[in-house]
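Chain IDs A, B, C, D, E and F follow the sequence of writing; residue 1 opens each chain.
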Amino acid sequence: MSKIKKFMYVNRRAPYGTVYALESLEVVLIGAAFDQDVSLAFIGDGVYQLKSDQDSSDSDQKNFSPIYQALGDYDVSKLYVEKESLEERGLTLEELMPLTYEDEDDDWAEKDSIRVVSRDEMAELMDQQDVLFNF
Amino acid sequence: MSKIKKFMYVNRRAPYGTVYALESLEVVLIGAAFDQDVSLAFIGDGVYQLKSDQDSSDSDQKNFSPIYQALGDYDVSKLYVEKESLEERGLTLEELMPLTYEDEDDDWAEKDSIRVVSRDEMAELMDQQDVLFNF
Amino acid sequence: MKFAIQINEGPYQHQATDTAYHFTKSALEKGHEVSRVFFYHDGVYNSSRITTPPQDDRHIVNRWAELAEAHSLDMVVCVAAAQRRGVVDDGEAERNGKDATNIHPAFRISGLGQLIEAAVEADRLMVFGD
Amino acid sequence: MKFAIQINEGPYQHQATDTAYHFTKSALEKGHEVSRVFFYHDGVYNSSRITTPPQDDRHIVNRWAELAEAHSLDMVVCVAAAQRRGVVDDGEAERNGKDATNIHPAFRISGLGQLIEAAVEADRLMVFGD
Amino acid sequence: MSILHTVNKSPFEKNSLDECLTHSTDGCAILLLEDGVYAAMQGTNVESAVKDAMASKKVYALGPDIKLRGLSTDRIIDGIEVVDFAGFVDLSESNDKVQAWL
Amino acid sequence: MSILHTVNKSPFEKNSLDECLTHSTDGCAILLLEDGVYAAMQGTNVESAVKDAMASKKVYALGPDIKLRGLSTDRIIDGIEVVDFAGFVDLSESNDKVQAWL
């Protein structure tokens, strides 16, 4: 485990209809202990994972969206959200959960974890990775 | 079990990638013993189930397409295939397996089981059923 | 009104079995009859008594078992689908020489004819899947 | 070259595990190393020793076990996914008070860290799913 | 002879909604549930297809699934009726049969 | 830094191929397998999208899956290379990483 690898978790599924989003997040949390260079991509229906106001009070599935808000504490601070995917779904950045982290290189200033990127930029980001995780 | 019901098995999935086509066919075979008015609909990727020349010699999944050819012997003789679904996939009727049955009301003449219908006709046929099976 | 229920997917991976459960519960609460719940395809996994979900999560298997107990539900697991996927009762274990069983006693294993029969006799067949 | 394999779906329902098997077998035959096969999500069902597929069908579980035996493959089943879905070994049965186990001895249950570790150490991570 | 059609998949991921809309006849009922509820929202790429269907078909969406996903009932397409599971049961009763576009 | 993209779903049923094509860069490799092989055939509604992609990307299809489904290699889009599992392994080796569009 010498070299630090660039790990990207690619999220393309809506939450709740299937378990992939939740169990993928469990991998991210465990993976955070491994000191790799981690980022998350939200493409297609994956952007729905970050929708604010998820509410399980009328359901019995667990609302797991608070876990995304804890990612900053695990040093997972690069969440790339695709602009076109938001637009196709009529969503704006303001409708996503506000996710932040404290930047240790900048006197622990609180910064946004979500970075909206274009589809072309997303494709470039994927090209730059060492490992792509798919669920 | 007094009244004879109109049962339609709706096939919308390609074979082999998932088990639904095969396990749906197992229901049709068992159901044939129940003396209902049975038909099968092939919509969307379901039309691929009837493609001729399926060949498992380089795979280890079983080629189950011969079972469709046996349906006539089970008095399952109404297989509705959607015209638009074929066209979107670049398929013609000639590329499907020839499926026949012997018509007991017509001196056991051999007749085609496959009936190509338009999307609108398919919708009407679905409306006329008592039970729709989905897999 | 008499409902028959078919479930095509296993627990936790797909929401289908959650939806089926809430539909069934709601139908019963409204005074309808649910003549059979038939577990097909990966749906057979809903019957495993040896599942242990996280404590803060729903227990899908026990939930079905409790609903069946309260309403004398007939919950049938397809034998062919169950054999392929390792859902086993005492009879199947003996027949196929298996050294363990995993089915919950609230469920029974039987043939596909049970699905057809349920569809013939019920007023509505409801299918829940992926 | 060193491969790590991840399988997200169970046997028979999806072709994913067939594809993963043939890829793994082919990689080994070409002289590559397969450092770990990690079963996640419904993939955990691939490890059940009590499956009985039809006699004219492939036996997906035994096939994995034989490949592992021949090549000393490390086949790991995710513990969290396995608990939710009723895949149990002796240790899990004891911990969770279950009266049966169903895992095939060719597989072992462990944590998600095993997937991360495999991805860190391997040259390629191959994911097979739905 | 009316059908209740159910759609439980996202219209962006799978063709279920599209196949439902092209195979349902005037006067039928369509229930969006599970990930299918995303099709009920305003401003999406499929909004116009859903609105076109609503000229001759009645569209419903399952409330608990909308809420679970953080979608606001204020942002649902006008005319789509939100129902709970009891309403789902009623729809299954008031239509003659059910077609699940899995 | 080239990627091998894999697509295992029918382009008519799911959006996997579409998302693959819009997120892959020039010079990459795309392998169609399982139900994904239907996209390799001539005369379909997605043929032009696949051909457009082939201007800058190399497309492969898995032979055993083509044969299993009764598709004829004569009817595959010109320029798509049919590979077996050994070829799949080689593609995984010759590209730096793999993105599975599940």
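Methods note: a residue touches a chain if its C-beta (ideal position, glycine included) is under 8 Å from a C-beta of that chain, and two chains touch if they have at least 3 such contacts.
Owing to the predicted nature of the structure, the values given are computational and were not obtained by experimental measurement.
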Common contacts of subunit A and subunit E, by label, are C, F
Neighbour overlap between subunit A and subunit D returns C, F
What is the chain whose Cα centroid lies farthest from the Cα centroid of subunit A? B
Most remote chain w.r.t. Subunit F, using mean C-alpha positions, is C
If you tally C-beta pairs in contact for every chain pair, which pair wins? Let me know. C-D
Same-site or different-site touching of subunit C by its copy subunit D, using the half cut: same
For subunit B and subunit D, what's the span in angstrom between their mean Cα positions? 35
Taking each chain's centre as the mean position of its Cα atoms, how many Å separate subunit B from subunit E? 27
When the C-alpha atoms of subunit C and subunit D are each averaged to a single point, how far apart are the two points in Å? 26
Residues of subunit C engaged with two or more neighbouring chains: 8, 12-13, 15, 41, 57, 80, 125, 127, 129-130
Please output the residue numbers of subunit A that touch at least 2 other chains, ranges allowed. 16-19, 44, 59, 61, 131-132, 134-135
Return the residues of subunit E touching two or more other chains; collapse runs of consecutive numbers into ranges. 8, 12-13, 15, 34-35, 64, 84, 97-98, 100, 102
Chain pairs that touch, all of them, please. A-C, A-D, A-E, A-F, B-C, B-D, B-E, B-F, C-D, C-E, D-F, E-F
Sites on subunit E touched by subunit F in the complex: 12-15
Quick one: in the complex, what on subunit B touches subunit D? 16-19, 59-62
Name, in rising order, each residue of subunit D that touches subunit B in their complex. 12-15, 18, 56-58, 130
If you look only at subunit C, which of its residues touch subunit B in the complex? 8, 40-41, 80-81, 111-113, 115-117, 119-121, 125, 127, 129
Over in the complex, which subunit E residues touch subunit C? Could you list them? 8, 33-35, 64, 84-86, 88-90, 92-93, 97-98, 100, 102
